[in-house]
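Quick one: the structure is below, and I'll ask about it shortly.
A, B, C, D and E are the chain letters, set down in written order, and residue numbers restart from 1 in every chain.
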């Protein structure tokens, strides 16, 4: 009906008043101060790890400490990456002397394979964990079935017993399954170790997702699987990232179970190999630290990759009220 | 009234995989160690392991070391959990802000967590070392300290120093969980609070903090669970010492099980610790959880 | 298409009873409007029909089949939520397309259906946005769109037009009406808008505190309200209620006297007079005089608060073309056939 | 109390301009209603006034002070959000009490104020519940409660009554009116309900696409709409618009001829006739005849769709007491003073 | 020669001398055709890993065992005696008596030595010289005196270095102190005498306490100083005296590992108090065989050959492994014939200085095994460690601490019957 557009020509643009600087400055300073503290606390020790890994043993244990490497050396790293699988005979054996920089703990050649083992185990655990805990968490958080709470508490209860008490029986189980010294043993074990808590993480997040969304999905024709896939999965990305990181890093860090369930380079994970560098006769801190630095890198890279999924406002605009 | 049970069936199906994994891997060890806790299993006497009911538990309660361990564990757990939680809240608040460099800080946050426990223990032991430790070096260079001193060797400080190493490593997970919870807070609530007249601090108090409840529940439950059972740092850093300064329950369990080879009392101790852990977790969940 | 039968449907939330033994039969293709004050259980009724809440007691039948425990996605009902419940991660297009995708509609069919719906809802230019980028009314229309692209057995709509402007509401109303005619699906529709209720409904159920007060056609509800509550609830401004008693076949209150032939003498009653049921005085009408206290012009109409006879205070719609001023007298005529009479004790309608 | 001045306020979301150089002065204690179609920028305006969004351009003054960059919690405005935005962890009581707590009101004072507000909002029995245990309308009233317990410089209300039933809406409306009288605070109020707009507003700003179309008193808006859009936007059912041209001081379209003395001859115009502006034929009225196509009884009134002269289709309100039937003829009278005339090209009002 | 015997030996050890072990394994595999499956874990976790495997019946044939565990493991049935295997028993004839004794429990022998060592008293000759001390002190009183002098002159803050962290080494360090004070923990009948103030244990404890708290010649940090940290600290040249495992002499005098290289000399363990002797504490680690291996003919044969090759002579008739360990790492051995080997003698001269070898031999002759080794050792040592640490921390009177350790001993001993 209304034919021509009645659009007043916009009045000559009056620029917005200049945004005052003071409050922004205050916030900036506060943030900067806290950021600095944060960096010092979180990255300080790691910085030392890096710095000492670039020093020789003598430099690293000097008094007063060398905060920065006086003559940075990559010897420790070179040693790790050069170390190759070799036949040790009388001729090729190493006589340990940790201070020379050329020192290489036996087992250094296992570091990269164990890094691979750790990665494989961690990724499998993270992936399977997600599958298992997503479904379970959805059921517990969303579906009102009898025994809902009992399920949660039972699952959590599997994690209250100290690992050290479970070491021997777990060894028996894994042996019965014929999985000793296999990555599969670690994967199932870590699944059992991480799943209860990732379920818990996801549940507590799911409960915050507006229930009307679930209802809408159900009315639109989703079964429980559909609601999980279409509503809960996409809306809980941050929690998924947290759960994934948790599962991955827990397997990445785990020590006691790996110690008893694995025997050699076939299945040993990074922590086991690194702890093997802490030897009775010769411990090279600078070398251990170099290994530590290498161990830190992959998870941090992964984390950086996944971090962009930790965003806010995922449910903005979904419901009113 | 007939009940179709679609929900029940779906729930069963969805929960089944987890239950299966746990049954295979977790159920036997847990039941086995419970069985052990009811028997007098001492490995140096392999031929006799009679059923003794709750004797192992009673023995433990009668052991003065147990009460020392309870005291140490309590101090350690409370300090670790409290410090982790408070720090994590602060860090989460910082990282939840948008500012240049925030992504970098986010990546840095992962550093301690990604540091393998073994390296973490060694690193802190090194930092605390009485003759060439960094802490000494730093404090002396800053003029705070006159000469190098023993840190872990001071029984009044040992637990706190170990706790510090633990907090450093555990805080990132806690912070991440809190950040994730914060991301789920509807922006509308902040807008409402602003209009209602709340400044930044009150918004934190009245909007962020209540909304953080589920996150705090996660953090408290998890941190309690692992702190109360912490073991590897003690193995690497103090082995329960000096004296009994870091003689915690989990260390006691280790000693009883693998040093004394008394699996029976070790298991009984484990179950006592497990009960305490479960109870605490339950309280946190009931207190902070929504529908749980 | 479905006949929906609620048999004693009850819903309790702890100590709160949201719905109490609701008996309601909605026929094939009927357009049923639920009307009632805030918190009376309308949304709860829809939720129960959709299967989104478990009934605490009672049965629900679709076409004679007991579906009380049938999960929602098997019920083939479409619903517009009072809270919209849009999928925040999906675009408007995907939100609307979602139910079709779940039904494996071919891609082209979806495209066509969604575009057509968006066109009708006047949100075609918003298809690529996400819900948080929309205004309130736009969100509401997306929610509506998600329902109307479907072809379900029943539509459940919970105040689907509440946040729209009058013009839009009108066109949406006719859109829904058309939909109803085309699909002949059963509709259960919640609204607070009387015009909507009256124009759309085949029948209206007026609820209060979880109970149905009256179930009737729109005219029935408006013209023969079953009790005081229904009478008072419909109409804006609401009906004027005057307490009095029946004497000599007439309603009496002090000097006020109005004919009421069919009422039982001696009864304590309440007389109802709708503000719009007054006209210019005329011989066949009962005259009613008073003093204008307050005038509220609403544009299309003007209402006056009048202190009438026998200490009553009445709200009356000023007949077309009159000019009234506050403080002046006014005299109007009332058609006795349009008066409502209720028993004061039982609050039931007498005549 | 505050005078609110918007100077060229502009808000852009990427490519979307939600608000375009809004100039609006709201006086001390004025009740300003924003009216407009869905998505026209009403909520955006409120957000800018409250400080919840940053203006892309323009300035905002409170009592002459530039507050464009003042954070919201320093502005002392109370707001009812379209989406309610209740604090999910707080009880209803705590939700309403929250702004008072922030102002360190004594405990007893809070208790009293919250109870009083809840009483008026008819949610006193819900004070211990949490938002998720409330119905839609109850939530909306809690949101309203949170605003009305305060004594701010300005109230911003975004469709605060949209989910309430007519009866409740009426009593809430008078509650707001009383509040306005008591506090003499400035109100900026968004509504789609014409009755609300007309009764509450001191002035109404009709918006469209981020621009103000007309700013006037309620009567002014209704009776002298500045352009076709405003005319068409107010009124339900909407105004009838008939295109034609001015010839010999009269509006002409085919055989239809209506007096239009003040209009410039030869102009292409649109004639507006509100449905309710027809009466029984009378000598001083222009007669208008047609055939009834559709009858919609709304209870209080009955509307008829009529195919009128010159191929027009008109919606008319059937005068009180008439009985019309579909297919029959009808003849009414129109007061020429109540006709609206707009230029067809500029869409501006002519007379 | 006898190659192609085939099969595999499962051998488990802690992460020490790994390259030497592997070198020897290569030789063994070449010589016998038997494959070796070698697993190793850090010492700190070794017992956990080993116990788990033993309880879980993992197919282990041979394992390194610490003398401290022998009674426990034997009682648990995890170790098989080898005294009915002549191929192995024949080496007793060439082994130091003290070593053989250390592998015996209840009259049966359970293995062949991997290495055997004792705690040595070492001095930093340069610091002594700077302080004008001509000869190393011969008694602990003289040590105190000398230390105080060094301390006064500002040459060293804490002249005496002791590594007393609560780990498995602690009992060996304090045993050296106790023995040199002429003391015993237990008497020949196995009764606890450590609490008897007349027997050296209390005296040793009192010495420790005074050294730390009265004379301040030992750092309070000693309670957190583990053996390896102690080694580093001594190697940094900041201390004049230390008790160190003998094998560390190689590292301490190696310029690439120690700043004090070339200045560390060995001396006899000082005597403590009136009944003091020069005795020290020794320990050995040995190759043990599991019953599982022993009861299976084929496995047993392979295990025996493995133990012989490593703990006895290799197929060429040489004590190759022992020599390897000494020359590469400084680990002393139990096999007497090797002492005559010129290379070995050269090694001692090179690393321990002129006469160093003689001191070692003399000290070796004054070495006692830990008298507390028993089936309840693992449990008792926790209490003992705590007791010693409490003394060092000044939190317990030496007498009371020793009484507590004695009480625990008696209690466990009774309970074991």
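To be clear about the criterion, contacts are C-beta pairs under 8 Å (C-beta built on N, C-alpha and C of every residue); 3 or more make two chains touch, one makes a residue touch a chain.
Given the structure is predicted, the values throughout are model-derived calculations rather than measurements.
Enquirer: State the chain with the largest centre-to-centre distance from chain D, centres being mean CA positions.
Expert: E
Enquirer: Which chain has its C-alpha centroid farthest away from the centroid of chain C?
Expert: It is E whose centre lies farthest from that of chain C.
Enquirer: Ranked by contacting C-beta pairs, which pair of chains comes out on top?
Expert: Answer by contact count: the chains A-B.
Enquirer: Taking the mean of the CA coordinates per chain, how far is chain A from chain C in Å?
Expert: Computed value for the inter-centroid distance: 56 Å.
Enquirer: On a C-alpha centroid basis, what's the spacing between chain B and chain D, in Å?
Expert: That pair's centroid distance is 58 Å.
Enquirer: Report the inter-centroid distance (CA atoms only) between chain A and chain B in whole Å.
Expert: 17
Enquirer: Residues touching two or more other chains, restricted to chain E: which are they?
Expert: 44-45, 48, 51, 55, 232, 236, in rising order.
Enquirer: Counting only residues that touch at least 2 other chains, which ones in chain C make the list?
Expert: Those would be 71, 82-83, 133-134, 136.
Enquirer: Can you pull out the residues of chain B that are in contact with at least two other chains?
Expert: 7, 131-132, 186, 188, 254, 258, in rising order.
Enquirer: Check the chains against each other and report every pair that touches.
Expert: All touching pairs, sorted by chain label, are A-B, A-C, A-D, A-E, B-C, B-D, B-E, C-D.
Enquirer: Taking the complex as given, what residues does chain C use to touch chain B?
Expert: 57, 59, 66, 68-71
Enquirer: Can you list the residues on chain D that touch chain B in the complex?
Expert: 50-52, 71-73, 76-79, 81, 83, 85-90, 98-99, 102-103, 146, 150, 156
Enquirer: How about chain E: which of its residues touch chain B in the complex?
Expert: So the residues of chain E in touch with chain B come to 44-45, 47-48, 51, 55, 71-72, 75-77, 157, 165-167, 219-225, 229, 232-233, 236, 238, 375-376, 378-379, 381-382, 385-386, 389-390, 392-393, 395-396, 416.
Enquirer: Can you check the complex and tell me which residues of chain D touch chain A?
Expert: Touching chain A from chain D are residues 7-8, 10, 20-21, 23, 55-59, 66, 68-69, 71, 82-84, 86, 131-132, 136, 139-140, 209, 211, 213, 227-229, 232, 241, 270, 344-348.
Enquirer: Of all residues in chain C, which touch chain D in the complex?
Expert: Residues 13, 16, 35-39, 42-43, 82-83, 133-138, 140-141, 158-159, 162-170, 192-195, 198-199, 218-219, 222-223, 232-238, 274-276, 279, 296-301, 319-321, 335 of chain C touch chain D in their complex.
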